[in-house]
Every structure is written in C-alpha cells, then in structure tokens.
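Lettered A, B, C and D in written order, each chain numbered from 1.
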Amino acid sequence: MPTVWQRRFTKKIDRRILTFTSSVKDDERLIPYDIAASIAHVRMLRKQNIIKARDAVQLVRGLQRILREYKKQKLKLHEELEDVHMNIEQRLRAIIGKQAGQLHTARSRNDLIATDLRLYSRDLIISMVKSISEVQTAILENARDTVGLVVPGYTHMQHAQPIFWSFFMLSHFFKLQRDIECFGDTLKRVDESPLGSVACAGTCHPIDPACTARFLQCSRFFDNALAAVADRDYLAESMFFCTQITLHIATLAEDIIILSTREFNIIELEEKIATGSSIMPHKKNPDVCELLRAKTGNAIGNLVSVLTILKGLPSSYNRDLQEIKSVFFRQADATIECLKIAVLVVESIQLTKSDWADKENMICATDIVDYAVKQGYSFRTAYSSITQCVRKSRGDVDVFITLCAEDLGIEQKIIRHMLKPKHSVMSKRSPGSTSLKETQRALKRAQLLLRKNETRIEKWRKYTRIF
Amino acid sequence: MPTVWQRRFTKKIDRRILTFTSSVKDDERLIPYDIAASIAHVRMLRKQNIIKARDAVQLVRGLQRILREYKKQKLKLHEELEDVHMNIEQRLRAIIGKQAGQLHTARSRNDLIATDLRLYSRDLIISMVKSISEVQTAILENARDTVGLVVPGYTHMQHAQPIFWSFFMLSHFFKLQRDIECFGDTLKRVDESPLGSVACAGTCHPIDPACTARFLQCSRFFDNALAAVADRDYLAESMFFCTQITLHIATLAEDIIILSTREFNIIELEEKIATGSSIMPHKKNPDVCELLRAKTGNAIGNLVSVLTILKGLPSSYNRDLQEIKSVFFRQADATIECLKIAVLVVESIQLTKSDWADKENMICATDIVDYAVKQGYSFRTAYSSITQCVRKSRGDVDVFITLCAEDLGIEQKIIRHMLKPKHSVMSKRSPGSTSLKETQRALKRAQLLLRKNETRIEKWRKYTRIF
Amino acid sequence: MPTVWQRRFTKKIDRRILTFTSSVKDDERLIPYDIAASIAHVRMLRKQNIIKARDAVQLVRGLQRILREYKKQKLKLHEELEDVHMNIEQRLRAIIGKQAGQLHTARSRNDLIATDLRLYSRDLIISMVKSISEVQTAILENARDTVGLVVPGYTHMQHAQPIFWSFFMLSHFFKLQRDIECFGDTLKRVDESPLGSVACAGTCHPIDPACTARFLQCSRFFDNALAAVADRDYLAESMFFCTQITLHIATLAEDIIILSTREFNIIELEEKIATGSSIMPHKKNPDVCELLRAKTGNAIGNLVSVLTILKGLPSSYNRDLQEIKSVFFRQADATIECLKIAVLVVESIQLTKSDWADKENMICATDIVDYAVKQGYSFRTAYSSITQCVRKSRGDVDVFITLCAEDLGIEQKIIRHMLKPKHSVMSKRSPGSTSLKETQRALKRAQLLLRKNETRIEKWRKYTRIF
Amino acid sequence: MPTVWQRRFTKKIDRRILTFTSSVKDDERLIPYDIAASIAHVRMLRKQNIIKARDAVQLVRGLQRILREYKKQKLKLHEELEDVHMNIEQRLRAIIGKQAGQLHTARSRNDLIATDLRLYSRDLIISMVKSISEVQTAILENARDTVGLVVPGYTHMQHAQPIFWSFFMLSHFFKLQRDIECFGDTLKRVDESPLGSVACAGTCHPIDPACTARFLQCSRFFDNALAAVADRDYLAESMFFCTQITLHIATLAEDIIILSTREFNIIELEEKIATGSSIMPHKKNPDVCELLRAKTGNAIGNLVSVLTILKGLPSSYNRDLQEIKSVFFRQADATIECLKIAVLVVESIQLTKSDWADKENMICATDIVDYAVKQGYSFRTAYSSITQCVRKSRGDVDVFITLCAEDLGIEQKIIRHMLKPKHSVMSKRSPGSTSLKETQRALKRAQLLLRKNETRIEKWRKYTRIF
C-alpha cells in the first residue's frame, strides 16, 4: 500500500523515512474522532448537495462499520499509510469500494487532524475535570472526618500559627476548584470546529463549516482558514493547566512527605501505599508522593517541548506540529494518572494522635500581640514588646509568660491560656480563616462546589453524541 | 533603620544577606498598589470599628501623602527596610508618628504582597489588552489597504495555494483576538482580594475581607487564608499567555523575515525599521524581526523559571515566591515592548509589485482537481490523475496542461485559466476561506471585534478608582 | 510474588500503587548492565572473602544464564517485583535456590541502579559518538563532491558574501566534531563506579569498591557514598549535550528547508526523502527536516524535565530520581534516531545548477571596499563611500559600478570583475575562510578528525568486556 | 551621531527601533574585552603589514587610553551608536582622528562580538571556579570542626542509617569539585579565538588569526568562519553548568531548611543570616535558603531561554543571538551571588547538641542484618527475619530486641549495642563510607583538591595579560 501522493514522485520513499515521519503510533486514540469528523463532513457534503444521497449513505455506513471494528479492537493502523486519516480512507475503500474516493472532497489532512485533536481535547478536558473532582471528594471526606483536629500551621516550614487540619485540607480543595474553572475556560476555546479550512485557504466547493460544526456539537467554527490549520494553542493551554494541576498535586505530596517524617510525625500513610527498602528492614517510604512530586518536572518539561516546537514557525501548517501530538498525549495520560493516584494517597492519610494543642506553645505568640491590640496597644508597639520577650526567653515558654505579663501588664493566666494552640484556632473569627465556624462554612461551600461540578459535567454529556 | 523583627534576635543581620533578601529593587512599581491596599485596609478597619475614626483619618491622609510623594518621584525605598511594605509603614511613621503602628493590625506582609501583585497584575492585563489591540489596528489597516493583492500561500514553506494578502494578515489578527479573550479569563481569576488572610490563618480581629475587596474594586475575596497567601498561579497563568502572545508575534516576525528575503521578495521593510552592516555596504537586515523572534525564547524561559520555582514547595508562604516577582515584571515589560514594536513593524510593511497572479502556475493544481470533482470525478480519482500529470510534466506548466487535458478530457483553455492564481482565489467561496467576499466579511468582523475590545477596556476603567 | 519488603507491613500494597511505582516498563534495557554489575559485585565479594568460593561460582553461573535468557528474549520482568534488580534476584533464586540470597550482601538498590545507569550511559555515549561520526561522514562526502560550487552566504537570511557550498557543509561538520569532544568529556564523569556506596552510608563488610570498579572497566570509584547514590548529574549533562546535537541538526534542517524552497532553489531533496500532499498534486514537502527541527523542542523539554525533577530535592536518594530514567531513555533513543535520519537527509541533498556565480551581484559589494583599502583608503572611508553608492544605485548593478568607479577612482572593468561571486570566493585567502585553498585544507582536516574519532571509538571497545 | 550604516538608507531609523535593537545596556561589561580584542587585531594587522607601523602605534595608544577612561568610569556608551564596538570606534575617532577608520579592516562586528563574549566567558569561568572554591573551603572547615558528630542519614526523608555530619558535609564538597572539573572542560572550548572569521566568510586581506589568538592568550583559533560567527554553544554550556551549581546549592539549602525546622532540630542557623516576621514575634525563618532554592528555578529558566533562542535558527549570524547576552550576564551574576551567599550560610550553620547517637534506635536495624550475615545467614534470609521483627514490634525498640534475639539466636546485649547510632557509624569500614577513618581520609583528600584548584586558578592568571 503506497501513500496517496506516491504517484507524484518517480522514486519510492525510503522505509526509514516513512517510519520517522509516520504518526500511526500516536494516532490510535484519534480513530473515533477521525471517524466522527468524517461522518459530520459527509453529512454536510450531502446537505450542501456536493455528493449524492446514495453515496453519502454508503460512506456513512462504511465509516460506522470502521468505528465498530475499532471498538472491537479489530482495526489496525498501517505505518505505510502514514496516519490515521489515510488508514481510514483506505479501509473505507476496502469496504465500500471506489466511492470512498469522495470522502476527501473539500477537506485536507491539515483541517482534519486539527479537528481530531480538538474533539479529543474536548473529551480529555471532561475526563480531567472528573478526575480532579474525585480528588476533591477524597479531600473533602478527609476534611470532614477530621474536624476539630489542630495542627501547627507553617510558613517557611517553621511554626507560624495553629490551624485546623480540615482548614489545611480545604486549602488544597480550593486550588483544585480553580483548576476546574481554568479548564472550563479552555474548553470554550477548544470547542471550535476547524473542519472546512481545508489545506489553508478554504475551497471552491459550496461547503458549510457552520453545519459541520453543529454536527460535531461544536459551538462555533473557525474565523480564518490559514490560522485554523496551524492553531495548536489550545493544546499548549491545556498542557499549561495540566502543569498547574501537577504543581498543586506536588505541593500536596510535599506536604505529606514532610508531615509523615518521623520528626514531624503529624500524619502516617497507610501501609497499602507505602514502600520498604531492599536492605533496611525498618523503612517505610513515601515513594508514591515522591513520584507525584517528580511528575511536575515532566509536566513542565512537556510544556516546554510544545512551546519550543511552536517557537519561530512560519504561519500555516508545518510538519513540526505533528511532534506536539505525542507530547500532549503523554502528558494527558500522566495527569489523569496523577489524579487517580492522588485519590488513593489522600484516602490513606492517617492522623497521629497528640495532645500538642492543649499545651502552651510559642507558636501562639501572635495571639498575645492581637490581645494587646485589643487592650489598646498599637499593633507595632505590642509586636515590638513581645518580640523582645521572645528573644529574652530563649525559647522557654514560662520565662516568656513572665516577661510578657510584666511588659504588657496582662495577667499570666490569660497569657498562658492564649498560648494554647486550641485556644488560638478557636479565637479566630475572620471569613476564610481557620476558625471552626469558618471551616464548617467552607466544608459546606466545598460540598456545593462539588455538586456544581457535577452539573457542569452532566451538561457536557452532549459531546458524546458525535459517535 | 533596622528591620521590624530585628529585636527578636541578638545579632544583627549580615549586610550582604540583607541585600540578597531585600526586594526593594523590584518593589518600586508596587508602591501605588501597596498604598491603595493599605488605604482600603484602614477604611475596613474603621468600618469594623477596629481602629478609631480619628486614627483612620490620620492614617489615610498619611498614606495619600506618600502616594503623592511617589508620583513626584520623591519617595525612595531603602534596602535595609527589606521591602515596599516596611518602607511605607516607616515613612508613614515619619509623617504621622506613632499611630502608624496601627496600620499593620490584622494583616501581614504575606497577604499584603499577594494583594499588591494582584492589583498590579490587573492593571498589567489591561495594558496588555490595549497593546494587543494596537497591533490589531495596525494589521487591520494593512489588510484593508491591500485588498485584492494575491500572494502564494505556503504550507511547509512550499507553495500551497494562492491567497489574498489581506487574508494572510487577518490570520494574525484573529490569533491576537484570542489572546485578548484569554487575558479576559485570567482577569477573572486575578480580580480577587487576598487581603485579610493575614499570615496564613486569618485573625481574631473582626475584619471584613469582603468589604476590603469592594474598596479595592475586586469582584471577590479569598476562600481559604492558607491557599490565599501562597497563591501565585495567576502570575504563572499571565506569563503563559504572555508567552502565547510572543509566539504569535514570533510567527509574524518569521513570516516577515522569510517574505522579505531577496529570494521571496514579497514584502519589503521600510528603511526606518531596517538595519545595515558595519562592513557590508549592500546589507538591509530585518534585525527587529529577528529580535522579536528571539524574545519568545526569553518568554518561554521566564515561564519555566516561575513554574520551576513553584515546583515542590510545601503549602503556605515560602520566600521562594519572592523570586517570581522580578521574573514576572521582566516578562511583563518585555511583552508590552514587543507589542509596541510589532505595531511599528506592521506599519512598515511594503508590498512589492508583481504580475505573478496573472500567470499560470502549478500552485493552482488543486483547482484542477476540484474542477474535475465538479465534473463528476471522485476526489481521489481526480487527485490521482493530476498527481501523475505533475510528475510527468517535471515542472513544465505547458506540458502539464496538455497532459491534464488529455487525462481528464477537459479543454486546455479552461485548465490554463484555472492555473492563474488570481482565478484560484476568486473561485474560493467557503466561509473563512481566502475568497474576496469572505475576506471583506472578515475585515468587517475584525472592525467589530476592535470596537468590542474598546468597550471592554472602558469597563475596566473602574479599577483606577482605587488610587 | 510479593516485594521483598512486603513482610515489613501488615497490609498488602495497593495494586494501582504498585503499577504507579514500578519501573519495570523502563528497566528492560538495563538488564545486561544489572547482571554485569551483579557479577562484578559477586567477584569482589569473593575476592574479599565475604562469600565462599563455591557460592560465588554458583551465583556467577546463575547470572550468566540469566544474561543468556535475556539475549534470547526469554527473560520477562514482572511488575509486582518492582524493578530490574528484584526481578533478577528472584530469577536467580529460581535457578540456583537459596544461595541467591547472598547476592544483595553489602549493596542496595540505591547503588545498584546508579551503577546500571552509568554503565548504560557509557555505552550510549559511544553509540552517540558513532552516530555523529556517520553524519559527519555523509557531510564530508557531500562537501568533497561539490568542491568549486559557489552559493550565496547569508547573514540575517539576507545576502552577505558568496561562499563555497563545501565551506557551508563543513561548518556543520565542525560543530558536530565539537559535540563528540563534549561527549568525550562527559564520559570521563560517567565512567565512575558507585557500587559499594550501598544505601547511602557504605557498609561494615570489608568490600573493595576499587576492585568492583576495575571489574566494571570503570576508571574510578565514588568519593562519598551519600553523594554517589543520589548523583544523576551525568544524565543531565548527557541530555544537555543531546540537546546541543539536536540544535545543530535543527540548524542543518532549517538551512535545507529554506534552501529547498521554490524561491531559494539552491538545493533539491531527492524524492525518496520528500513527501506529498493528500490534496495538492504539485506538493513536495521537506517534512523530514521539519520533524528534525521539531525534535529540538522535545530535547529542550526533556532536559527541563530532568533538571526540574532534581530541583529542590534534599540530599541522598529520593524516589523522584526514578522519573528521570524514562525521560533519559526517551531522549537517548530520539537523539540516535535524529542522527540516523540526518545521514539520509544529507545523502539526499542535490544541488541545482545555476550560473549565478558568474554574474555581477551586489552581494560582492564588500569586495570593492576591501579592494579600496588595498588601494590606500582607510576602511571606514571606503565603506562609507560605497555604502552611499549602494543607496544611490537602488539595486541597479550597472549604476552602482558607475558610481563606485567615479567615487573611488577605480576602473569600471575592475569593479565589474570583482562583483562576480566566483571572483569573490577566489580572492579570499585567510585561514578558516571560504577560499578554495582553505576549503581543501579543511576537507583534509575533517578527514583526519574522522580517523581520530575512529581510534577513540576503538579504544572504548574495552567496555564491552564486562558482559 | 548616526549609525555607520545609516548612509545606506534614505530614511532615518525610528528612535524606538534604535532603542529596541541597541545592546549598549548590556555591553558595559564587554568594554575591556572589546578593547583587548581590538588591540590584538591591530597588532596582527601590523605584523601582517596590512596597516602601517605609525598607524598601528596610534591605534593602540588610542585604545589604551579608552581602556583607562573605562577604568576611571569616564566612558559612556551611547545608544544611538548601537553597540560597544561602534562606540569604541567612534571614541577612537574622537581621540586619534581619521586613522580610527583603519580599525575595522578585515573584521566585522560578527566576529568581534563573538570574541568579546569568549574573552568575557573565560574570565567568568575563572571567577566561578574561585567562588565555588570558597564554598568548598567553608564546607571543609565546617566538616573539620564537627568530626565525630553523628546524625541520622536519610533516604526518602525517612531515617536510613546513622552518618557522621562531616560525611554529610563532604558529600556537598565533592559535588562542587565536580562542578569545577566541568567548568575546566568548558574552558577548553571557550578558549578559542573567532577573530578573523569576519562577517562569515573570512577575508581577502592576508590576516593571521593564529597570531591574533596568541595575542589574546587563546589556545587556538576557529576552524570555519561561518560556524565561528554564529557559535554560542559555549554560552549555553556555561549556563548548563551554572544550572548544575545552583541545583547543588539548592540541595544544600533544602537540607538546611529541613534540618533547621523545629521538628528536625539538627542544625540552627546563626541569627545574622535568619529573618523574622512582621507580625509573628516568635519567627526565625530560613529565607536565605529558600531564596537560594528558588534561584535554581531562574537558572533553569534562563538556560531554556538561551536554548530556545537558538532553536531553529538558520546557519550564520542572526540577530537573535544578541538576546542571549543579557540572559547570560544575568545568570552569570546570579550564580556568583548564590555562591557568595552560600559561603555565609555554611559558615552560620550551628549544630544542636543531642545524645541521640547513644541510644538504641531502629535506624540501626540494617546493622543487625549485616551482623547476622557475618554469623552465616544469607543476606536475604537475615533481612527477611528482621523485617518481620520490625513489623511485629510496631516501633517498640525493646520488643524488637527481644524478637530479633529469639529469631536469629543472637544475644540481646549485642543487638542492643548494635542499635546505637554511634556503634553503627563506627562499625562501617568500606572506602567512601561514613566510617570515621574514611571521613578523615576524605577530609585530607578534600584539602588536597582545594590546593589543586588553587594551582589551576594560578595557571589561568596568564589570561589577564591581554589588558
């Protein structure tokens, strides 16, 4: 089976070159989208009376049969046919004969691959949103189950102020919610049909790209054929938001790695997600979290690949664009996998017990400042006095209490009370803070957002109608 | 002037360390935003009755005076005061005395810098949209002035099909329009006030972050204090879209570099933007376009810097975030500069005259295929025949015409006519194509979009009210 | 088959986690190196009398049998055994029984994987150097076959000065030679054995890492066990130089893309490496070169992945390092493939005929300046005069000749003669220049370097002795 | 003052374009190198009898005077003269008059900037090596002062095996030593003179580039003029090794951040390098280390900028190369600064006291395995038994001892003894291990390497002779 254009040349293409340029190894997952695009194209050609009714029926039936073959894993792509498009046209010819030659009327591989990738990306974004939502659900469950538990809050990895564990978990929830909103915006840009831009200039046939777009459940079609065939910006944008997700997962992973060290000892990972050593019998390692952290490196690198491939290209279609596909698919799979694993990780977080929150701790020094302010001190004056007490006490809480009481004229008992982490979190009251009331409000809001996400996903179900 | 926290320590900070950690060199541009944030904060503190009316008035007046000093370029930041926040608090103390100590009540530098950066980014995005719009205006003007001019359209840098130059220019216009829409989406995420998240846990003072947000013309406030102080995702997202713009400008630049070579000779750059050589008298170089192309490399690198800085950080505020600032500012300036220069470049494009479009050219071979399809051939059959004619004719148009006529039974005269580039573009009729009608429709649509952008920018004027 | 450390835990590892953490999918290619490392380790253990002679013999025989199984493609790695090391230990147990338990004495997976990767990288660098050398051979052949052919030399893609095509091709040759030298330097760093650093702290067994290194044909062993287990710098360095190669190949590809456009028309690609279009019959596209250009994007991205994975890791072994493996292998394969394809591309370059070099051309304007300098003008004066002549002549060579002759008092005939590209290249005489003599000298030097490379590769043959 | 090539055009260059293209803002630091290159060039021109003796003397004197002006900070570069080269030629003209016009004979800005950058890079590498050496000295001092101190060794941030602190510090020392060796190799490639390649093709003047190279203390000159003017690979390579250094420093910084948390509490930073909070009185933050960690992000990003700028450029000089300069200079400065700050950080490490090493600890479980092996157990059998004991003991050391004693038939006393971290480190004996003897040997080797580095730096002093 030679390539369709082989007749233009007197010499045959070198086999190694064919292997190098062929994209069939990446195209497998595009098959259903390519078929859907072809069916929509044929229906439009018929509607516009560019092909005959009888031919259209045959073409569509043939394509549907190929789709069934694909679903039964009976469709094999051949490298020598270059890509998914030529493979399907060829298979169609084997099924319905010469009429298959009408399929490529008023289109080209340039607008076809652009269409396949957009349809695929649309579905990918939906899977992404679903998977993010699953991590959110696991986080929310954890946050709900642990209401009331107080842990140190850190800045610069040093004690900052006591916080509720649920508040900490919710901080991850809200970041992921933003990821969903970002993907929602990207979807608007993805959901555009480029079919009908043909090679780069449109066509003299009376096609109706708006109609094709409708058949493909796309909300709009392209503005400019030349821009449409070369546009891969939505892939780069999708990959950017994939990177953002992996950054969020990496921060969660880093938190777990630190908090599960023997030294921090705030959480323990369930054994089913921990690993051991081949020589050190006592080991229990958070390898899964380390790998999640590392995946961010891959995501950033893959994003760079795509951006750098695009850098400096002239307008219109250039074959460089093909290289983007495999990077994009790789990162798509990796992001989904990370999210699935993150669910397991979150589910396996166990919190160690401790009476830490009931004992006086310097981590609450700021509470003394705030109390002094309420007593009439200006903030900076109160801060300044207590800072000196910290220095003089050299880490001894009792000395600190005595010094503070003297300096500020506050009863020792009060200071002692306020230095208890439990008191600190309870005293908070500002919106979005770690206070119990706010945390509970946030739990409810999180629940609401989850439901909103579900509605959104439901609405996207229409996209499956193209098959 | 020591740092505010110096009293916590017995030893003074090393001067070199101070220089290394200080951010005043980057903070200059944040001054007005920091003051606006402080004023909003003071007004909220007053509204919530956390500070006294008299004090509030004094604080606001002091801050406004500092803003005036800044505008008169009379405000100098001191490295030993670490950052913009401490500099302004210190200056305020110099102006209004001890009461300045109340300014930092119920806030911290963590939420303050987050606020400054968001307010700055909001304005930056508006400038960005304005500058993109200026490039679009220049492109549209060029496209309008050149209606009717036919040039070769390329794919793989090889002749593909004839197109109108205006159609080519509009392909750039629509890409930039998408950039504007992307920034519009980012703005939604930027336009959120983190003020009131304090160090990372909120506060026991009865603050009202929703009110502060209103004073800052922000559409919402943070969900979670811990997430709010560490969030720099909007900076990464802004930088991603800056990168996307530079990619678009680089493609325009690459197009110009190629099309203005002596060999392509389709456009010529006006002398006022060309450069010469120090030893070769005949040289006229497109250095400006080469630099625009190179700027994309910087943009991608800067994006990587930001993403890599964020990679693997634990939750909450870490000083690593400071490093993002200078990269972000650098890229913001560079992107705006690129856009300003792109305007000049587009304005200086001159098109060389040529009768190319009136002569038979193999670039129109596809037109013969399409014609044959209309005569009843299946697409693939027609394509296949004509492809063989191409091979046999070895580039000789006359031979090609004879062969085609024979093979397809079409009159030579018709083929000859269709091989003229001018005929090719005129025959196109599909929406989004290079046809004259479509190009004119696109010109109108572009004009409309420009007006829509203006309306959008107008709506954003409200943000300036914070000063 | 459970993991070796499973007994440490009461619960079994989650299957999905096992799949996520397992590296067997990447480890296939490490099998022979892992076996070689094990054999060297066993021989050292025996030499140091840590294990008994009889046991050592059994272990080595078992390992050699596994190597044979691998060569016959009869060895399958099992995911549930986590990695190549545990798979081989398990297989050894199946073959020789309980004695296999001695294999892991005084070593760990940490130092073992580090060893495998270094042995693999050593071989990879050798393959890389061989492949680069093949591209150089193709370039040299082309340069030799085309001696005497004059083409325009470009800067900024604009005509600069005439050059010999061979000189142009040799510029690519010398860049690749530098790549070989870079890899030679990297090899020095790769060629160090980390075996014996064990988990991170060494061991109480009286092992002799210097001896193990000798058995592995390594020139040295590690300085510090902690540094040794975590060191992947040589992988990053190798990937950097892979990126450098792809940059060099991309420049060659870009040159070919430009020079083979219909407009430049300096070279033509043989048909066996060109591709056509699915709808445009006349197309002949340089897809192969476009893909080679794009591969650089992947290389840069992959480098970023590795560097970003390493960023911010604490000392010692962390599982993040595992993620580097697949990126590294991917880039290694891609670089070798690029080089193989580059050979085909270079071999298929055909030069179009033209009498361009015999006609007066403004590209030689600098020659007039140089001539004037020899006649006594200061360089800047001559340059300045001739630059004005260029402007006034507005591209008309005859006018230019007249003006120059007047301004500088040189005979028109001489100027006309000097404006011929052929004369320009012939007149060059400086070392490293495009002169015929220098080009021929460079061809000889290139031949010499190729032979030197062969000698180098020959010397590296000793590394194969480890199997 | 117009640009030299302005006479080629009828219209003046746009001022904004001039600002955009001018590189004078970056060129300041190249001034001395540009002058040195010019002096070497003039001396060669004279030696080759291309210019007259009297003129040569004048030119050199003029250039030397400009160098003095620069050193006195009296030389200002003007944007409208584009770059350092034209500024110096213009200044020379102002000093010695028309003869200055001879300076640019047989050279161009293309080979001149390439020369400037190589000379600058050569000096930069030397500074880099000196600065690395200073960090090594601080590390070695720390390692020497702390001999005998035992701390937990980690893998996966979990307890692995006890190690000496000195051993840990030396792991950082040896990584830096490799950095020095890498830069040594890069220097070989940097130390090549491109002067004489002129625009891209060499010249018809009888210049002697080998002689120019000697005057510039370069060990060789270019092979091919076309390759020489466009080569910036040495900058990319230098930046790669800068990135490697920052990765090493980031790991050190990460170690310090973790080990100085309240929870790990192994080291404490001296107050002179710690920072506090503007609201939390108790805070002592490792900001300096966080910034050092973040600088790696910048380094990776800057490397990407350079590589991406180079990607896809055609052969020969393109103005894109100019953009590399500022990125390179920025990273050069940042790397040197990081190293200077790292010295301060290392000097301020204080170790907290603890009797940890004298108490039984599960971190020594591997020692029991190794002991059992010496008693005749196969490694895997011993490991397996003890792993089960770990599980059953659920972290209780006493239970673990009892179980182990039973299972392996070893006396409880012996096990108890071996579980003391101090015993563990003392029992190590393999080369490169954490044993006391090996650590002391390593300290000596480190001292030797430092001296070797000094000798190397001494040898490089010759490069300063060019001024």
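Points worth noting:
The rule we apply is simple: a residue touches a chain if its C-beta (ideal position, glycine included) is under 8 Å from a C-beta of that chain, and two chains touch if they have at least 3 such contacts.
Values in this document were obtained by computation on a predicted structure and should not be read as measured data.
Any chain that touches subunit C and also touches subunit D is listed here: A, B. Simply put, of A-D and A-C, more C-beta pairs touch at A-C. Between subunit A and subunit C the centroid-to-centroid distance comes to 33 Å (mean Cα coordinates, whole Å). Our note on geometry: subunit A versus subunit D, Cα centroid distance of 35 Å, whole angstroms.
Under the contact definition stated at the top, the residues of subunit B that touch 2 or more other chains are 4-5, 8-10, 104, 155-157, 160-161, 198-199, 258, 276-285, 287, 290, 293, 296-297, 300, 303-304, 307-308, 310-313, 318-319, 366, 379, 383, 387, 390. On subunit A, the positions that touch subunit D within their shared complex are 155-161, 257-258, 261-265, 276-287, 290, 304, 307-308, 311-313, 362-363, 365-366, 368-369, 379, 383, 386-387, 389-390. Within the complex, the subunit A residues that touch subunit C are 3-6, 8-14, 16-17, 20-21, 85-86, 104, 107-109, 198-199, 270-285, 287-288, 290-291, 293-298, 300-311, 318-324, 327, 337, 340-341, 344. Across the complex, subunit B meets subunit A through its residues 4-5, 7-10, 89, 98-106, 110, 153-157, 160-163, 167-168, 170-175, 177-178, 181-182, 185, 189, 196-210, 221-229, 231, 233, 236-237, 240, 243-244, 247, 250-252, 254-255, 258, 293, 296-297, 300, 303-304, 307-308, 310-319, 366-367, 370, 373-374, 378-381, 383-384, 387-388, 390-391, 425, 427-435, 438, 442, 445.
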